[in-house]
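Below, chain A partners chain B and then partners chain C, in two separate complexes.
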Partner chain A sequence: MSAVIKTTTPFTIQEVLLEALEAVGAEPETVTTESLQVQSHRGGLKVGDILTNRTDYNGPQHFRFEGGRWILRHDSDEMNGIVTAVGAASREYRRVAQFLASVSKEYGAAYQRHLDKLAEQERARVEEARKARVEATRKQVITNAKAQGYSVKEVRNGNKIQVVLTRTV
Partner chain B sequence: MPEQKVVVTIDEDGGLTAKTSGFKGETCLSALDELLSLDGVISHVKTTDEYHQEQMLKRRRKQEVKGN
Partner chain C sequence: MTRNHGEFINVAHIEPQSHIYGPGKRFVIWLQGCSLACPGCWNEEMWSFKPKTLIHRDELLARILATQDIDGITVLGGEPLQQADNVIWLLNRIKKDSNLSTFLYTGYEQQELHTMGLWHGLNTLCDMIAVGRYKQEDRNTNRQWVGSENQALIYPEGSGENMPQSEQNEVEIIIHSDGALTVLGFPDTEMVDLIKQI
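This part shows the complex of A and B:
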């Protein structure tokens, strides 16, 4: 016997997973202390688990963070598998493998957006640091100049600042 | 009274270019150092004609003193 298997993309980032689950219409909901009062699962639920709108014999299928990745917990036979949420675009229940394949695809796209966002945040951080450096230099020059008896005239020219210092001796 | 002038340009990365006029000889460099805290950060120094003229004047004075 031989077999070929393919695992899903490891879902390691919660924010990205939530976005992917939204994209596939799984209506993710993070379990809170309050929601534990009304939600139940035969295998138990924990605060922080991410519920989907898919349920089976055991209760709501949900993701739990284990071993550095989010794992979908579900009945292995998917007995009584249904999609429950009213707001879902499609209420057709798909097998877990199919579901995970679509989540995986959306996760990849969401991950790319996540990277773009991080790059943008980093770019903004570097730009802020640059502005702060220029401002600190400007202040230092002007403060020192005034302390040494120079009169100061400042001209801004695009991204450059020209400070003209004069004194008579 | 003679005027000393320093034109400091701060570029977009916070780097500095400074040009002096009205200083005597090497005092322009020490004045810049006091003003801009340049210790260990200068990448290029170009002395001006005014600087060289002052240095030549100094040497000539020295020679004249020795000659006396």
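This part shows the complex of A and C:
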């Protein structure tokens, strides 16, 4: 009775999928060892599956990570399909194809935000590395100068550091 | 290779806020081109008269006047007086348009400047003039502002500067935002070696 319908959009990143599911009001919840004791599904649930607030004949529709992507597992006929929303604005049950189209759309937007976040993290990492390199150079310049008997005066000038070395005879 | 670029100045390098080429904080301009070619010169790459960066003198003046928190300008090279018309124009305008002091380095001796007909003008427009060839055999990195024993530091009559020259070695190291270094001044061999290791 149970079937797996593969979505056309490959949902590959859990964090992005969770964000997309939140956005469509699916109230995602990740299955844990504890929640397995109170949740059930005719096809079985595993720790790590992502539950939605949509249920059908088989139990809660959920995403499972298989073959490098998250796939929605649901009853092929969507028999007794309902939304058991807790806090979602709408309890209207939409067909799986419609639901996945919405998730795909939100996934695309969330994916872009994810890329922006990664770019920002990378930018911050590169900037930190640059600052560390400049600081290491500054320390080395000052250490070498002092070892040569120079007195050192340091001036910050915009994004440059000017180190003035004076050695009185 | 032409040395005359009209009202454009052939510039080798600019350091808008340096601390070791005269009293206080100064806008320092190294001019490109020098035929004096002193043996052992620190700046051989500034001998060529091939244009390095041509800057219109009006633009250079504007940049100097727009630089905040400086006490004066210093012109060196290269040989600044091989671009004498523009250098004198610049010094003249600085004197007219600002309170900045002026310090000129030249490899020419004072007598040569007289012969060239430049001394009177420089004497009026400069607060400090360092004159004389760099002599490798008389190298002395411990004379503030100059590089060899024979070079003389002159404070023309009417100079606004009176800070005496000290017996000290000065080096300025600029650490750029990417970690690159610019080294200015009179580093001795040991210092140069240490910097190369960084």
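Operating definition for what follows: the second predicted complex is superposed on the first by the 160 of 169 C-alpha atoms of A that agree within 3 Å, B and C clash if a C-alpha of one lies under 4 Å from a C-alpha of the other, contacts with A are read in each partner's own complex, and residues count from 1 in each chain.
In this section, contacts are C-beta pairs under 8 Å (C-beta built on N, C-alpha and C of every residue); 3 or more make two chains touch, one makes a residue touch a chain.
Just so it is clear, the model here is predicted, and its values are computed rather than measured.
Once both complexes are superposed on chain A, the partners chain B and chain C clash.
Applying the stated contact rule after C-alpha superposition, one finds that A:161 touches each of chain B and chain C. Contact with neither chain B nor chain C is seen for A:38 once the two complexes are overlaid on the shared chain.
Within the superposed three-chain model, A:133 lies in touch with chain B and with chain C [touch as defined at top]. Of 3-11, 39-47, 57-65 or 111-119, the chain C stretch that intrudes into chain B once chain A is superposed is 39-47 (criterion: clashing C-alpha atoms). In the superposition on chain A, the residues of chain A touched by chain B in one structure and by chain C in the other are 130, 133-134, 136-138, 140-141, 144-145, 148, 150, 159-169. The touching residues of chain C, counted against chain A in their complex, run 17-20, 142, 166-179, 181, 185, 190-191, 194-195, 197-198. Taken together, the chain A residues at the contact with chain C in this complex read 130, 133-134, 136-138, 140-141, 144-145, 147-148, 150, 153, 155, 157, 159-169.
Residues of chain B that touch chain A in their complex: 1-14, 16, 22, 34-37. Note for the complex: chain A touches chain B at residues 130, 133-134, 136-138, 140-141, 144-145, 148, 150, 159-169.
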